[in-house]
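Quick notes on the structure that follows.
In this document, chain identifiers A, B, C, D, E and F correspond to the written order of the chains, with residue numbering beginning at 1 in each.
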Amino acid sequence: MQKLITAIIKPFKLDDVKAALKEIGVQGLTVSEVQGFGRQGGHTEVYRGAEYQVDFVPKIRVECVVADGDAERVVDAISAAAQTGKIGDGKIWITAVERIVRIRTGELGDDAL
Amino acid sequence: MDKGDAAWVLVSAALVLFMVPGLALFYGGMVRAKHMLNMLMMNVYCLGVVPVVWAIVGYSLVGGSNTGGNGFVGGFDLVGMSGLTGPDAGPTYLAAAFALTFAVITPALISGAVADRMKFAAWAVFVPLWVVLVYGPVGTWLWGGDGWVTARGGLDFAGGLVVHINAGVAALVAVLVLGKRKGWPGDPMPPHNLPFTVVGAGILWFGWFGFNAGSALGANEVAMIAFWNTFLAGAAGMIGWVVVEWLKDGHPTTLGAASGAVAGLVCVTPAAGFVGGTAGLAFGFAAGAICYLAVGLKYKIGYDDSLDVVGVHLVGGLLGTMMLGLFADASAVGGEFHDGLLFGGGTTLLVEQGLGALATLAYSGGVTFVILKVIDATIGLRVSEEDELRGLDLSQHAETAYNFADIN
Amino acid sequence: MDKGDAAWVLVSAALVLFMVPGLALFYGGMVRAKHMLNMLMMNVYCLGVVPVVWAIVGYSLVGGSNTGGNGFVGGFDLVGMSGLTGPDAGPTYLAAAFALTFAVITPALISGAVADRMKFAAWAVFVPLWVVLVYGPVGTWLWGGDGWVTARGGLDFAGGLVVHINAGVAALVAVLVLGKRKGWPGDPMPPHNLPFTVVGAGILWFGWFGFNAGSALGANEVAMIAFWNTFLAGAAGMIGWVVVEWLKDGHPTTLGAASGAVAGLVCVTPAAGFVGGTAGLAFGFAAGAICYLAVGLKYKIGYDDSLDVVGVHLVGGLLGTMMLGLFADASAVGGEFHDGLLFGGGTTLLVEQGLGALATLAYSGGVTFVILKVIDATIGLRVSEEDELRGLDLSQHAETAYNFADIN
Amino acid sequence: MDKGDAAWVLVSAALVLFMVPGLALFYGGMVRAKHMLNMLMMNVYCLGVVPVVWAIVGYSLVGGSNTGGNGFVGGFDLVGMSGLTGPDAGPTYLAAAFALTFAVITPALISGAVADRMKFAAWAVFVPLWVVLVYGPVGTWLWGGDGWVTARGGLDFAGGLVVHINAGVAALVAVLVLGKRKGWPGDPMPPHNLPFTVVGAGILWFGWFGFNAGSALGANEVAMIAFWNTFLAGAAGMIGWVVVEWLKDGHPTTLGAASGAVAGLVCVTPAAGFVGGTAGLAFGFAAGAICYLAVGLKYKIGYDDSLDVVGVHLVGGLLGTMMLGLFADASAVGGEFHDGLLFGGGTTLLVEQGLGALATLAYSGGVTFVILKVIDATIGLRVSEEDELRGLDLSQHAETAYNFADIN
Amino acid sequence: MQKLITAIIKPFKLDDVKAALKEIGVQGLTVSEVQGFGRQGGHTEVYRGAEYQVDFVPKIRVECVVADGDAERVVDAISAAAQTGKIGDGKIWITAVERIVRIRTGELGDDAL
Amino acid sequence: MQKLITAIIKPFKLDDVKAALKEIGVQGLTVSEVQGFGRQGGHTEVYRGAEYQVDFVPKIRVECVVADGDAERVVDAISAAAQTGKIGDGKIWITAVERIVRIRTGELGDDAL
């Protein structure tokens, strides 16, 4: 069994997070651009005098499937690398993966990582 | 025709034509992405249909001999460009081409008001009708052989009345007839591509030199002065708008800078060849500040003028037309016309300017209303709610503006 | 040289140069995002290499004294701009610069056909060879001192043969030699940025006034008439294309409007200074409708002309060249040339037009084929399949067009 | 004033104005998306504030009578355009407008260096101060009534000293005072929209014909030669840069092509009307190759010149100014000035060129430093780190450049 | 334990959904742009006479991690707010979260929300 | 109970994958653009002589909720359609869905698919 680690982080922390994961031996991950809503609050834009409240803040979602035993370590690495201590640093959550396949080879489980 | 004059008018006509894609970008950048192509199309369509109408009948209406000499409606003697043959006809073709560029851009201005909700088929019919029934007559009043406004002493150098008030009031009528966009004013409708808007404004400014200085119809001193005034008014318009919004909203915006420049250029249009010195600054500052305030009116009064054609073109055009009643200065430019109030001419010119403006408001507003009602009753003016939601690009044109994701 | 004439030709040369980035945008908007920069680069590269070639040998080939006076190949007396000194040489420099802009944009037109699959190194070699070996001679036939086509009475005002048929047939040959893009025609390859295409078309139209009316080589009556015809043909081209596609496909499209305008402008190019009245409308409507139908041929016949250079430039150029055999009207423009069939000139001009067209098709097609085969055998013409899939921007230029996501 | 001359100068002034949105796009495409509007705004703001300053005092400083006739500082007799009345003043308005366009674009050039970190309020104050205190005097040295550099025989046709060295050294000082962008040079800061950069370069080139050939102040032979040289140098600049980078980095890039063309145009600016034949190619190739190498210096020396204003404008301007000392050729253009070293004039001109360059470096560098220090002590030059990270568009202008996602 | 609620909704319903979630006390969520394929069907585009069938429809994915006991309520709120009754309204699904961390503070579980 | 199948594939394989899923009766799916980091390696860009290493490769994420019993078949179909045999073909993973609702109708479970 594997775990899927999903982290929502500040965009400018992506490089640090990637480096930290590489360092602890993670070999692959998938990222996407998302918009976050939370305590951090958004900003106001003004167009020809009309104010327009944007509640969403750009974030990056990092997804990484890891072997069961590595999950803890990966969460810690992301957490350390993504932390600024200011509001909006984001979340990391873990869900269980029942099966994983590497498409190229058909390898399953930890071999697919 | 002097070749230097010819060279300048040829260039000016090309410059004004180039304003059309400029306007398309200026407006297009302000709409949401799903309506982008429709906005571009409404503009470029004017470049397609108006020249056809112009060659057939439009130019005759403005440039032909006055029907019955009454100065209200133009003539029909140049219909189909008849009788133009041999090299001597060259200057007439040039005059027709230069005048045509104005007839193209004037209806295009209206597109910004009706953005995001008008059936393209309705627009396709509206433009040629409006050019013939509204633009033609109003053009005759000022620039035809013996237009009644000009005959009384009213002034419009390059289109305060004929272009901006004319298009501006038509825009106001159109948004009242069409109704608001779904979700307006509650839903946010931010511009989707402000860089386009900025470049569009740059192209407009560039072209406006042809519009205003080209209206001197030669590479003469009046052209030089009009060029100068155009430059100053665009600049002061930008500064006026940005300073006021900076004080009021806390930020100097790019959209404000672009809008202010356009407002200043609109305002100086009727006056460009009739004032001197630094008067262009006055037109610009006034327009920048006042048009900024005017665009807020729509939220108070409740008409959905999508891209502020009323606030910028109607208000800016009226402002410039009336300010000319103050600042006109025949000696500064060596012309023969009534001086404005500030230059010892009393209120005569002010009154004539007001009269011309009122007549334009009434005529253009009224006829535009009738045209739109007829179209509404036949073709229908508005797209369905669902089409509006999907976006006009897909529903009207079966296209999407951007495809950044490569999936093959 | 009259200063008014000089002013207009200076401006015209600048306008035609500006068509190159316009063409780059027009084409670039139509490719997929991953090939965007390559498309831009193929165009702007012409602005880099052709002037160098032109100063060294190209201008001499077209503008120099005819070699042996046979009217087939130009001379070598102006190689390296030799002998041009003192202010009297000014007009020659101007003529060289104006002619150069045509030599820049003609190969650039071909880029649209070979889009998305040609090695940049191959293109880099192709362009200077083609300009010297193909454009130079064909230019001499029409515009050189005693070009044989002109000498026989064939007409080409601003480049129906020299520019559009010439580039169009080269494009056809090139796509046949290069082969289809991987996935064509099954995979969807929608335009990635139609606003760019629309603005590009606007810039092209703006510049086309310099192209056509500038070809009068002065601010004279012919320039005025050519300006007028150019205006009408672009407009009618748009309307022609949009009306036909609206009837056939159910929607009036923005891409159709832009394409139709370009088709109309192509078609009137050979004729702009040789017809009068509203003939420009005829050229435009015909081109809009027929080029729209012609672009569909590639699916039927099976050649992958990515952006329809054949459908628009070859077909539009042929159409205009032959229509001139019908519409040429010496008295309308005060010129001395054979009248067309409709103006009492019989079939003489039609035959000469056809002969010039055939010669251009044969010569340009043949030499282009040889050049491409030589390049293919040495450098190789096509990128690898993998490079094609990754996109030419990354594989050829190590760049990506857009980076909208800020990650730092 | 001859109408042909007037036509060309009118057009040229419009063309140079159009360079400002061109420059905005050229630069804007190179910054990251979150700083895009700020880059555009820094540029268009120059179009707003400089004309206002110019009408009030700037034009007098350059175009007025020399104060005390010392050739160092201009006069005050044209303050507020006073005394200009009647049609005879036309040419003065035109001269003021043409000169104004140069005063607008010169500070705009600096914006590329300070990109992504300067408070807009600081820029808003910097520009008018710099135009009055730096541009005004340096302009007087060369182009004022009896400028001391010109009086000694130094040459600057269209702005190698006044525009490019002047802006380039100011840019260098500015980046040293401002400091590096957060993350530079470690973090990647790739261009966000290279198509904009390419189009911007195209607009710049188009406008540069007005800049250089317009500096002949008439549609004369010198204008024709300057046009030709401008064309060749832009082309050779592109080829020079692309060839060197292709050899060195392995790829010919679109950004390289655009940059090289601009470098070539910069380099030929001081020389455009003073050299003939194919000399333009020499200026272009040299600039393309050398400026490419020069932009790498910032990584070695460690100054963060965001968009290489130093590498392109300072280095290119110095190169062209000194090369003119080699290539100036009075007989080629029928002028009266010292010939360059290669044309038998010895080292006289080289020395004068060097002197002018040194004086500009010292004066502009010094005064720019003082202005910036004063602004830093009062308003503050830099945005906060957090504002830099969020992007200048949001923090300075409360706007975002793009909204492609439609959520309503 | 927490639940991850994933909803695929119509883009113009995002504001309503956000408002509904705010009202029932949800403090954060993450959204992204996605393309959906389903019963709703796509549209046809035409470029120079060539028809081009687009099967995908723009949708918004809303992700929200909530305390176990809130999941039901959150699903109902999204459902109510996103419903138009027309085809293509989308789906909501729930998966189990094994662990969640707030990066800023290192807080775990419901405290991290 | 249903399964959520998440596949990270090469963008140009999307059409094939969609077709394969359609063929085996899958009625809906949701896709998004993501950036992948893995063995495949990225590329280098050069701007004015400055090299800039891009580690991420564009990928497409396909998400598909299916009935428990169909999961195997769906994974196989995606795998077959997305395979090129070259590095970077991507992964497919399965997680458990506890509940799924069709917003339009309120249908639950397999009926919601």
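Here is the rule we use: contacts are C-beta pairs under 8 Å (C-beta built on N, C-alpha and C of every residue); 3 or more make two chains touch, one makes a residue touch a chain.
All values derive from a computational prediction rather than experimental measurement.
A.B. asks: Could you run down the chains that neighbour subunit B and subunit F together?
C.D. replies: Touching subunit B as well as subunit F, we find A, C, D, E.
A.B. asks: By the contact definition above, name the pair with the higher C-beta contact count: A-D or C-D.
C.D. replies: Of the two interfaces, A-D and C-D, more C-beta pairs touch across C-D.
A.B. asks: Sharing over half of the contact pairs with C-F by residue number is what counts; pick that pair out of C-E, A-D or A-B.
C.D. replies: A-D
A.B. asks: Please compute the C-alpha centroid of subunit D, do the same for subunit E, then give the distance between them in whole Å.
C.D. replies: Inter-chain centre distance comes to 51 Å.
A.B. asks: How many angstrom lie between the CA centroids of subunit E and subunit F, rounded to a whole number?
C.D. replies: Chain centres of subunit E and subunit F, defined by C-alpha means, are spaced 17 Å apart.
A.B. asks: Distance between subunit B and subunit D based on Cα centroids, please, to the nearest Å.
C.D. replies: Distance between chain centres: 33 Å.
A.B. asks: Show the residues in subunit B shared as contacts by 2 or more other chains, in ascending order.
C.D. replies: 2-5, 7-8, 11, 187-188, 190-191, 193, 219, 249-251, 253, 255, 398-400, 402, 404-406, 408
A.B. asks: If I count partner chains per residue in subunit F, which residues reach a count of at least 2?
C.D. replies: 12, 15, 32-33, 45-47, 95-96
A.B. asks: Which residues, counting only subunit D, touch subunit C once they are in their complex?
C.D. replies: 2-5, 7-8, 11, 15, 32-34, 183, 187-195, 198-199, 201-203, 205-206, 209-210, 213, 218-225, 227-228, 231-232, 234-236, 238-239, 242, 249-255, 257-258, 260-261, 276-278, 280-281, 331-334, 391, 402, 404
A.B. asks: So in the complex, the part of subunit E that touches subunit F is made up of which residues?
C.D. replies: Contact set of subunit E toward subunit F: 3, 7-9, 32-39, 55-56, 59, 61, 75, 78-79, 82-96.
A.B. asks: So in the complex, the part of subunit B that touches subunit A is made up of which residues?
C.D. replies: 188, 190-191, 245, 248-251, 253, 255-256, 259, 292, 295-296, 299, 308
A.B. asks: Note which residues of subunit C are touching subunit D in the complex, please.
C.D. replies: Subunit C residues touching subunit D: 2-8, 10-11, 13-14, 17-18, 20-22, 24-25, 28, 36-37, 40-41, 44-45, 47-52, 55-56, 80-82, 84-91, 93-94, 96-97, 100, 120, 124, 193, 196, 219, 393, 396-406, 408.
A.B. asks: Give every residue of subunit F touching subunit D within the complex, in rising order.
C.D. replies: The contact residues of subunit F facing subunit D are 45-54.
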